[in-house]
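Think of it as A, B, C and D in the order they're written, each chain with its own count starting at 1.
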Amino acid sequence: MSAVTDLWHRVTGFFNQSKPARIGLIVVFVAFLYVLPNREFYEYLNIPGVWIPLYTTGNDMAFVLFTCTWTILLALGLNVVVGYAGLLDLGFFGFFAVGAYTVALMTSPESKLITEYNWFESPYPWLVTVPIAIALALLSGVLLGWPSLRVRGDYLAIVTLGFAEVIRIIAKNQDWILNGDRGIPQVGHPPGTWPDGTPIFQFDAKPYYWLALTMVIVAVFLIRNLVRSRVGRAWVAIREDEDAAELMGVPTFRFKLWAFAIGAAVGGISGSLWAGYNNFVNSATFSVENSILVLAAVLLGGAGNQAGAILGGFLVVYVPEWLRSVGDVFGWPKTVRVFDINLDVSPTSLRYAFFGVLLIVVMIFRPQGLWPNRRRAAEFKDRRQAVVVGEGVG
Amino acid sequence: MHFDDLVNGFPNLTTTGLTQGAIYALIALGYTLVYGVLRLINFAHSEVFMFGTFGAMWTWGWLGFGSTSGRPGLGTAIMLIALGLVVAAVVSGATAVVVELVAYRPLRRRNAPPLAFLITAIGASFVLMELMGAATGRIQFGMPPLLPSNPVINVGGWRITPLQLATFVVALVVMFALDTFVQKTRFGRGIRAVAQDANTAALMGVNKGKVIALVFLLGGLLAGVAAVFHNMKTGNTRFNVGFLIGLKAFAAAVLGGIGNLRGALVGGLLLGLVESYGSALFGSNWTNVIAFVVLVVLLMFRPTGLLGESLGRARA
Amino acid sequence: MRQRFTRVVGGVALFALVAVGAAACKKDDAGPGGTNGAACGLKIGFFGALTGDNAGLVTPIKQGAELAVAQYNDKNKDCTVTLAEFDSQGSADKAPGLATNAVNDAKIVAMIGPAFSGESEAANPIFEQAKLPAITPSATRPSLSTKGWTIFHRGVGNDLAQGPAAARYIKNVLKAEKVFVVDDQSAYGAGLVDEAKKILGTAIVGSDKVTEKQQEFGATVSKVTGSGATALFYGGYTAEAAPFLKQLRSQGWQGKFLGGDGINDANFLSVAGKDSEGVIATCPCAPATAAKGTFVQDFKKKFNADPGVYADVAYDLANIFLEAFQTGKVTRADVQAFLGSYSKTGAASGVTYKWEANGELDPSQVVVWAFEAKGNAWVPAQEIPKS
Amino acid sequence: MDRKPLLEVDNVTLRFGGVVALDQVNFTLYEGEILGLIGPNGAGKTTCFNAMTGVYLPTEGQIRFRGEQISGRKRFRITKMGMARTFQNIRLFPEMTALENVQVGADAHHRTSVPSALLRLPRHWQEEKQGRALAEEVLDFVGIRHRIHEVARNLPYGDQRRLEIARALATRPTLLCLDEPAAGFNPAEKASLLELIRKIRDSGVTVLLIEHDMRLVMGVTDRIVVLEFGKKIAEGSPAEVRDNPKVIAAYLGVPDAA
């Protein structure tokens, strides 16, 4: 065991020291991500017990990966708000909704804006609506933040939760433009055709996954730019001690608002990508549970670290989807009869229960998240030592 | 806007709002107690409540009172309700304590950051809800009719049913008992001491672990009481019944000032009333919008809720 | 150190390249209709919410199909068919991936579902692309048949058939002059109520909207009692309808409670208990035949529960597909053609399944019946005339 | 010395509910001096401080900084005007490095915001470079340059105090308010702190020093203001204040007076 850890340390140490090596590894890894949705990739490798079970047989792998990537985008956006600026936001999915609905309303020929309100005559192309979606999401971030950022901590959580609920309920009302549960069908797709003339972006999730993955990479770099600047320092200072930050000349309100706006904009991108793929948008998607899931993603991965947010976003989608197929792969029974009652024990049906167990277990053993910011990990070590010492004295 | 609905129904809307508010308040107390002591939003509390609804229902079913059976006599009904209250309180209390032991205690021992607790709470909530869902086939269950529906008071269209009266009276009695318990007894002093300063309390010989378990237990017991009245009021339960009502109760706790016992009562009743009037005025589908708008506006002006936080110290 | 690194990176890069190459060379082997003509090992897909909040609604439907498949397999032990479940959790955002997965499985030549209208909007374009014939047992949104999907079939009448019929029943049979309408804002419930409203017209004395998962109906109840309505039409499902009815009764409202097929299930009777007495549920289906009798018993025996709404429809639909398999229709195209010329009455639901070009049931076959809850059972009251 | 007033506390009264925390306090701080603000525990020193830096809004009276009214202004604006402070109980940003802590202070005058940081515009680079240089200079000035990449929470206590001063200095203040900077120091540390305070004054920064330790205050300040129960009871040179009977009474009345 120690030989393995030793090797691990030597390898990681090497990558930590050598910059070209690190970049090389990242490039290879990204290339790997782009080929990931190809089923043939697994069949080619064909290592039973390792690769095949990782391929989700219960759901389309490309779709699962696409869902992962838009969730990762959301997690990255929320990480700015929760991880860096330290603002607990339980209604983050609202911005996703803003992005998705903007795209749907503007690109669908069945949008009420066209059929009933005559705002414009024909649908816009998807690409045109994306910047508008981002702008509107950003604006809604500011509009939400303006009144609510006065309250702090857990109170902010409930205010943001309320905001997401309000958006959902408004969306639910059929009489308004969003058309409620009936939703908006025939949402536009991104442009582009294959050489043979069929559109690239239609129902196949693979191109969307590649597009979303590209967006994730762009978002990571842009957010990284922010984090390593005055803005990022201001956010962390606010998270650490808001009053002290303000007394040191940080315009806290403005930067908190920026955090909200940036997070919201990233959420909006995610929503517009999703709407393009899903082809149909209705109010049922935007439940509070989803906001909570994204928050779980950020904290599971490790708040305040982009790699952690990515890992978390991936896991919260992938694990339940994988559990869907794992029963088939390993041939587990689906029901158990206890006292004349059929208990449904298939992993498919219990996948969220398993997922809950996973959340608990991870948090017990790694409370700072799976892949925390290095400093947070150090802090956690300190805190544990403090406890040990404290107990020794008491 | 339907002002006529509001005006015509005002007395009855008030009664239903207060009844619903009392149920919110009972659940809100669970959030508030835990929050007051641990600064932790116990997201799994909604599932603690849901377990209580099933506990009571199964007890009644075991005694032969299912949804399709006839209404029993008043004496039997009161016995059944009392029994339901005991069982639901025990089931909910036990669930709450188990959640504490499994999902929170290990984290506390490791001095984990507060947000980690939030995630285990969400995890515990998933586990409890999905397990119950799988066990019950995710279908809905009806409750036996227990109390008669003819009103005890009927003055010019203003009706109070026995159930509404019972809900309100029992909720008030329970909350009064809790308040006395926290203010007057040794355990209560322990709770307040830990809420104010956990470390000092520990130095003064208060067993922090026990106090925390006690707080979860108390919250669970109250949720159990709420569960029985919810059963009788809505006449049904299912595995995901806790989520929405838990959310509302949490909002009620925040409204009153989370961590403040009397705040939970005030917040619960106020939320019940606001929802009742609001849904008459704008339509039931806008209930949640109204509730949250009121909450947000209130928090703008009183950032720590109506009564502020009082179980422990004010937030740093 | 550096040497080792080069080896690692080189290895991984090679690995990735090969993988890309392999991906580019190999084509998706799983395509539509790629079967060899054998009826054995075929799969019927079932698409709908099997977990999550709406599972209680869809699980009985799935069980109906499951029952049919199980009975078929008992008779054909050497050549069995499986029911492949696609749990969408009822949400449109999970539907496309599952649909793609279903389409990619060449063994799936027929699909029952999607159960809800919302997910149908997202999944049916994908089925259409792969020409996978699908019959929905429960999605009743009228617009689904106007999208030009050739694979789309509806096993039930849509909201346009049922809403007006329910309204006519209230107007002509009950002769109610004060009607209150409530819907749950779902596409189904609101659609039903919108259609009913057109006919009820001035008889409506009030309306309210509730939401899914709502448990507390105090304000709505007080509106209903205050309006003096003698009848209430509810558009929505059992989950909210049953507690709503109970709360209405507990507040002393004595009027007639009516709902669509969303409440026409055994669970409604079991949840509402004695309060269900006299409730009217419309249904675009005919009353129980003798065959339906065994369906209910079989269902109870197998699943230890009463069949829910549309469980009978799913049972019949599954049997239609199984009949197709037995007659040698084992490709997607064959099954599609088989459905096009099909015209028989289902054993469990009593509906005559004959589809028009747009996938709707032949309107002359769609009958709407009113059922009344009596002594904890749905008793057919009468067929509602078409005008 | 040209006695130009820098900060004027004019009849400031501060009430919390029924409690009068400050009662008609008056004093003036002149450019280039070191003013000591002393008093027994609970005399209202920190409250006074908080009123000056914008944490509390005075119930009555005015506080003027360089002739401008500051009460009611945003706190970060007051910092930008040239007033910086430290805290009685250290309030660093514990997870940031020493350098980053100081950079936050240096950022007070920077104008880079999200757009220029996002796109890495020239202003961003320029301000980053300036901020970094300033931060290193200030860390050097307070004597903890060698701690530059350590996380604040891991610094020894004395260095944390110094880091707080460095962070405040990085905002380029004209007035530096130190809230009990020597709390918990041993005599040797106190002596070197005195050196630092003088050095700060000599670099052209006016210093307001709140201190409990009389000896320290006597040694470094030019003038002293004494508060007791929210009221000013004496003002003058260290020698005058030391001999003031009211001050003696106030300090003797408190058993743990140093």
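Methods note: a contact is a pair of C-beta atoms (placed from the backbone, for glycine too) under 8 Å apart; a residue touches a chain by one contact, two chains touch by 3 or more.
Remember, it's a predicted structure, so these values are computed and weren't measured experimentally.
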| item | value |
| --- | --- |
| Chain labels contacting subunit A and also subunit D | none |
| Chain nearest the global centroid, as defined over all protein CA atoms shown | A |
| Most remote chain, CA-based centroid, reference being subunit D | C |
| Rounded Å distance between subunit A and subunit C, as computed from the means of their C-alpha atoms | 32 |
| Whole-Å gap between the CA centroids of subunit B and subunit D | 49 |
| Centroid spacing, where centroids are CA-atom means, of subunit C and subunit D in whole angstrom | 71 |
| Shared interface positions of subunit A, touching two or more other chains | 169, 172-173, 342, 349, 352 |
| Where subunit C touches two or more other chains, by residue | 51, 185, 209, 211 |
| Multi-partner residues of subunit B (each touching 2 or more other chains) | 130, 137, 243, 285, 288 |
| Which pairs of chains touch, using the document's own definition | A-B, A-C, A-D, B-C |
| Subunit B residues touching subunit A - in the complex, by the definition given at the top | 35, 41, 43, 102-103, 106-107, 109-113, 115-120, 122-131, 134-135, 137, 199, 202-203, 243, 247, 250-251, 254, 258, 285-286, 288-289, 291-293, 295-296, 299-300, 303-305, 315 |
| Residue numbers on subunit B that touch subunit C, as the complex places them | 2, 5, 8-9, 12-13, 16-17, 19-20, 66-71, 130, 133, 137-142, 144-145, 149-151, 157, 159, 161, 163, 230, 233-236, 238, 240-241, 243-245, 275-280, 283-285, 287-288 |
| Subunit A to subunit B touching residues, read off their complex | 82, 88, 147-148, 150-155, 157-159, 161-163, 165-166, 169-170, 172-173, 288-289, 292, 295-296, 299-300, 303, 342-345, 349-350, 352-353, 355-360, 362-364, 367-368, 380, 383-384, 386-387, 390, 394 |
| Sites on subunit C touched by subunit A in the complex | 1-2, 5, 9, 12-13, 16, 18-20, 22-23, 25-26, 28, 50-51, 85, 87, 90-93, 95-98, 100-101, 104, 117-118, 121-122, 125-126, 129, 141, 143, 147, 185-187, 190-191, 209, 211, 303-304 |
| Subunit C residues within the subunit B interface of the complex | 51, 53, 55-56, 59, 185, 206, 208-211, 213-223, 225-226, 238-239, 242-243, 246-247, 249-252, 267, 269-275, 305, 308, 376 |
